[in-house]
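Structures given as structure tokens follow.
In what follows, subunit A forms one complex with subunit B and a second complex with subunit C.
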Partner chain A sequence: MDNLAELLHGFTIAVTVPHLVLMAVGVLLGILVGVLPGLGAPNGVSLLLPLTFGMQPVSAIILLSSMYWGALFGGSVTSILFNIPGEPSSVATTFDGYPMARDGRPTTALATAFGSAAFGALIGVILITFLASWVAQVALAFGPPEYFAVYFLAFASFVGMGGAAPIKTVVALAIGFAIAAIGIDTVSGSVRLTMGIDELVKGVNFVVAVMGLFGIGELLVAVEEEIHARAVSSKIDWGEVFRAVGRLPQHSVALLRSAAIGCWMGITPGGPTAASFMSYGIARRFSRRGRYFGTGEVEGIISPETADHAAGTSALLPMLSLGIPGSATAAVMMGGLMIWGLNPGPMLFVDQKDFVWGLIASMYVGNIVAVALVLLTVPVFAALMRIPFVIIAPLIVIICVVGAYSVSNSYLDVVMMLGFGIVGYLFKKLFYPLAPLVLAIVIGDKAEDAFRQSMLMSKGSLGIFFANKLVTCLIVAGIALLLLPLALQLARPWRKPASRTKETTAKEKVII
Partner chain B sequence: MGRTSTLLLSVAATVLAGTMPALSAWQPQKPIEFVATAGPGGGTDNLARAVQNIITKYKLTEQPIVVVNKGGGSGAEGYVYGKASAGDPYKVIFGTSNAWQQPLVSKVAFNYTDLTPIAAMAQDEFLLWVKQDAPYKTAGDYLKAAASGEFKMGGAQSKDTDEVLTRMIEKAGHVKLTYIPFKSGAETAVQLAGGHLDSHVNNPSESLGQWRGGTQRPLCVFNPKRLPQGAKVTATEGWGDVPTCVEQGLDIKQYEQPRTVWLPGKVTPDQAAFFVDLMKKVQATPEWKDYIEKTSQVDTFLTGAEFDKFIKEDLEHVKQVAGEQGWLVK
Partner chain C sequence: MISRRALELATAVLTGSFGAAVVVSSLDNGIGWSSAGVDAGTFPFLTGVIIVLGSLYNLVRGLLPATTLASVPIAITPIELRRLAGLFVPAAIFVAAIPPAGMYLASALYVFAVLAIPRHQTVPRALAMAAATALALYVVFERMFQVSLPHGALAAAFGF
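Here is the complex of A and B:
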């Protein structure tokens, strides 16, 4: 119970008027950068970093981490309202959040997302509080084969779940892997697939890809189908904000499962993006209403959001205790730690107790401040849906263009973003699933690196993936998830041949 | 026509310079962009932001400075951007020795000759690290154990500084090591702590926290003399207590990584001189000393002919190693 005493001490540091003001400022700035695609948490934090050099390290980290919470929340807003994920980790939120918002329930979608996100973050902080030292040990057990196994599990849980025709899923995955391979390869150091364009050596930025695939792609579809082109009549309804949050406990299984997945992926540095995809995939598999996923299901919002925030929060732990950042934002904060004269690593918990426990206490308080502020903004954001399509469509184009450009001040990125828009449109029209494509772009190169590092270590033997209990369990779980739908399909003809037509229509709607 | 006007301008500039000796010949007239050829949080990014901070604090120029990260392709993104910005003195590129090493081993669309060298501002040292509970106490012990041929050496990137040094150790120590490339030094340090590797050659700042935390320790430093003592890192030892590799029978006298500053190509000598002068002023501040100490680097300032000589020598050396390994492109 040492930790509890330390935590209480931490609260005395975090709960002071200047620190509460810093939290509110950080959260508001964070929501702002989260809502603007292309800016995002890592950029926001690096912009703010120089301002913190003169501050106490505790105050500085409270400001920056509050901004991180705000950005995580803000990233979901554009995903839900306009189908433009502001952060890689909020892509999975678009799958059900956007259909629900289009369905005239933006308030419900936003409030559900924020409520479950806050729950995920809370579980993440509790984990950090009580299991800090144990968790650090678990993370150390992860070498290249284990990393690969975790990524494999993420792919398997998402890919094997069906929805689209399996062959189309494979095609989407393959295209994603090819895009992820563009640029310099970590393992061989050579330049790949730049197709004569010098600038492509930097690779394809994820934000550029998703803004095109989702934002512009959806817009093209909407222009074609007139039904989308009308404004959604959504009342500003404060009651619904609280009712939606109040309904969350009904989905306690989904909440707990997603929080567990999120924490696990945050600690084993799979990161929030892989966590949200995996959680969505598994929820779709195991939820009773799984077949309606993609049409605006509540659990389709809860699962990725809870996992995303649980992972985002627990990703700070490996950063503090091991000096390995679990996310891009954590990497920027780590740079900050060094500039403030602190060295992330195992000794931080011993040498800098005030700093560490002040930060952990501020995570509790900061998240409460963040969720309160963000719930207050729900009706405002929801009201955006009432703006007619003719006005909102050009705005979306502007947001996507500016967002793509601001990633690295490059014109090429804008062109690529528009190209991805056409790809997104074609995928939708031809019923190809976008999710496997995105997943492969995000973690494809990491999975490839981990696989080839493993092969270097084992001198080419696949046996390394069964060399110890941890990696064997992960690989077996992945294979099981991959084969499960196949087994179910084989078993189906014997069980119930009924309701065929209904299922197909649901299926077609579900393709995302 | 163009030549005449340039001539007239330079005459005018000379006249002006004559009348106002306090002003240097060229002053920036619009905001300056610092291009870090690394992602946020990396060593190169930290340097760019530290320099930005010092310039802003002391108002060393009137113009605002923004830092942008172009770290894609192991930094190639930033250098290619610098090449494309030829003649633009408002883009300052921060990098390392990969400005001349990368074009040797991969088909990137730039070479260091496309850029105008300004200075090398700091040298990062390399050390040989092993896991805390490893049985060997000296580099000699390590080499003896490595003779089994089963040792795994980790490092940041492929065919980059870490791997070059690994191949040099193989040659000097007559051993064979399996090199496993990771994305960064920090990642490599954690892999060593977890026992997935046998050793790595991280810079001091990349493994400082790990050393203090007792997960790994340095065997020796690749420098002809021991590092300055400074504050103790662990309870008993500081950087100055780490023996040199030569002392321990690993005959690699010196291996360092400079932090380099460049302008795009085709800028005027006046413009280059302005930035050389600016960096000199930055280096004279107490904040710079503080930065150097906190990141455990060695202060240095190479510019002009000295910097050119350094590049030439390093290039020859890397070419030799890369040639032996069959890495050279073209």
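Here is the complex of A and C:
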């Protein structure tokens, strides 16, 4: 019940005129970056970051998180109307959303998507409301070994459940750690990995990496295939909006299942993209109308959208209560928290009650604001998509360049940003995951510190990671996740005959 | 035309050499255990070793005729390569032009060049967009958020 009282207090912070205005601004900017190809939620949030330094932390986080909700919604708009996913996490929405819109039911598709997205987000926020402070309380008792174990578990779950090739994930993670180590070592004060470039003493800021990896990288991927924005009509029929939302309860099984998948993937850092694909795949297998998936099925829209938003929202739970972000965007926000002088983790729930509960309350309000605004502005943003890509692309390049420069007024950052762009393109093209890379850049130092402090405590013995039940469980779970891909690979020869028949039936279903 | 295999190999070599550089560079900081605890180079050294080993694995996977790679033999077609270059080369020139020309002039020239030279827009419209871009940057950053963008050597020569 304590939580509810705190939450009510949070509402008194979140529901004030300045904060509601910030929410609306954040959501609109978020829809904008969600709609534009090449700009995504991680970029948008890092672009806004320098502008929040003068704000109260709670106002700043409301602005940034609202932008995140907006971007999640904006990505679905282009997926449904143009068959172009504005965000990686809305790729799965194109499978059924676009066919439905093309069949002359764009309003139904959009309203179904937004309705289920709002439901997913709501479940995520409720989870945070009731679980976050409890997790934080448990985490208050954590020492350095426990922290390192939790970080280890987070990284291991990327490898085990991220969906990308495991070794590629490991390489991406390790590169992130190495980049995080560049500059002055906080423990010993010695300068590391500058490779003879003196300016690198300040380290590599994660914003620079995000601008390049997600901004330039995504732009290069987008320019490769010429985008034909052939939109279906983007007129909104308001009666149909309410009818479509009213029909949602008929699919309550799909809604709940997708929300559960989303929450799970958000808390364990699988991320919204993996969540939406997984949810779509499971829905296709279990739905009675599974064989019609891909032709404009309602559940084919509900499943990825609900999971996407549930994951996006619940990714903030580990960020708030443990200091481990569950997605790339959450990682950027956590970087912001540290810049504002807050220490993400369990102490937030003790020292910064206003901040935490203001944010949680703003999630409830922000998602309502987002649904309303996105419905109202669909025609405007759909018109934006008709601007030729050749005009948008140089503008996005300029935004990324200025964004990278303004982090610390350094030209070297701009050059590095461009380099990260090439890396981002190669990684995307070859299915190296980018989220673990960003996550490792943001929390690499903290993970390293936890490791070194543990080693100091134990005088160099790794035994400290098996010293008590909690730490042992976490480490063992992490190792199990690391070995999961290997185990699956070894088990494949036995499963092959069975899976082959399954595959053919799936193919037959598609043909039918 | 660039094959998927060539791209995999190039990326593995790229990540591997970064890993090797990390390993070599971290040795300067000392690896292992000293009186002050874990030495500063230890953690980077380990990550470097992991990067090198992982890259080697990816390299070997790329060399082997694996079924997964065979399904998409061509990663970048010549047309795609031209489009990529069409975006990246001007962007790189733009970045290179910032120190001498400054952010405002460089971005205006960049917008003008990519719109007018391939004749996507008429010259007057491209000019207008270029001017609008520079002006918007000036208003948003220099005025609204008091962030000074580089003015460039050229502007400095004129005494700005």
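The rule we apply is simple: the second predicted complex is superposed on the first by the 273 of 512 C-alpha atoms of A that agree within 3 Å, B and C clash if a C-alpha of one lies under 4 Å from a C-alpha of the other, contacts with A are read in each partner's own complex, and residues count from 1 in each chain.
Operating definition for what follows: a contact is a pair of C-beta atoms (placed from the backbone, for glycine too) under 8 Å apart; a residue touches a chain by one contact, two chains touch by 3 or more.
Being a predicted model, the structure only gives us computed values, none of them experimental.
Visitor: Output check: A:185 vs subunit B and subunit C. Expected answer is one of first, second, both, neither. What do you get?
Guide: both
Visitor: Tell me the contact category for A:283 with respect to subunit B and subunit C: first, second, both or neither.
Guide: neither
Visitor: Could you tell me if A:121 is touching subunit B, subunit C, both of them or neither one (first, second, both, neither)?
Guide: Neither partner.
Visitor: May I ask you to decide whether A:193 touches subunit B, subunit C, both, or neither, giving the answer as first, second, both or neither?
Guide: second
Visitor: According to the stated criteria, A:142 is in contact with first (subunit B), second (subunit C), both, or neither; which is it?
Guide: first
Visitor: Classify the contacts of A:397 with the two partner chains as first (subunit B alone), second (subunit C alone), both, or neither.
Guide: Touch status of A:397: second partner only.
Visitor: By the touch definition at the top of the document, which applies to A:456: first (subunit B), second (subunit C), both, or neither?
Guide: In the superposed model, A:456 contacts both subunit B and subunit C.
Visitor: Once the structures are superposed on A, label A:371 by its partner contacts, choosing first (subunit B), second (subunit C), both or neither.
Guide: It touches nothing on subunit B or subunit C.
Visitor: Looking at A:201, would you say it contacts subunit B, subunit C, both, or neither? Reply first, second, both or neither.
Guide: It touches subunit B, and subunit C stays clear.
Visitor: Once the complexes are superposed, what residues of subunit A are shared between the subunit B interface and the subunit C interface?
Guide: Shared contact residues on subunit A (touching subunit B in one complex, subunit C in the other): 50, 185, 187-188, 190, 409, 456.
Visitor: If you look only at subunit B, which of its residues touch subunit A in the complex?
Guide: Going through subunit B, the ones touching subunit A are 39-42, 45-46, 49-50, 52-53, 56, 67-70, 72-74, 76-77, 80-81, 84, 105-110, 152, 157-160, 178-183, 186-187, 189-191, 193-196, 205, 208-210, 212-215, 294-295, 327.
Visitor: Given the complex with subunit B, which residues does subunit A contribute to the contact?
Guide: Interface residues on the subunit A side: 42-43, 45-46, 49-50, 53, 139-144, 183-191, 198-199, 201-203, 205, 322-325, 328, 331-335, 338-339, 341, 343-348, 351, 408-409, 449, 453, 456-457, 459.
Visitor: Of all residues in subunit C, which touch subunit A in the complex?
Guide: Listed in rising order, the residues are 4, 7-8, 10-11, 14-15, 18-19, 21-22, 25-26, 29, 33, 36-41, 43-44, 47-48, 50-51, 54-55, 57-58, 61, 75-76, 80, 83-84, 86-88, 90-92, 94-95, 98-99, 103, 107, 110-111, 114-115, 118, 120-121, 129, 133, 137, 141, 145, 147-150.
Visitor: With touch defined as at the start, can you tell me which subunit A residues reach subunit C in the complex?
Guide: 50-51, 167-168, 170-171, 174-175, 177-178, 181, 185, 187-188, 190, 192-195, 216, 219-220, 223-226, 388, 390-391, 393-395, 397-398, 401-402, 405-406, 409, 411, 414-415, 418, 421-423, 425-427, 429-430, 432, 448, 451-452, 455-456, 460
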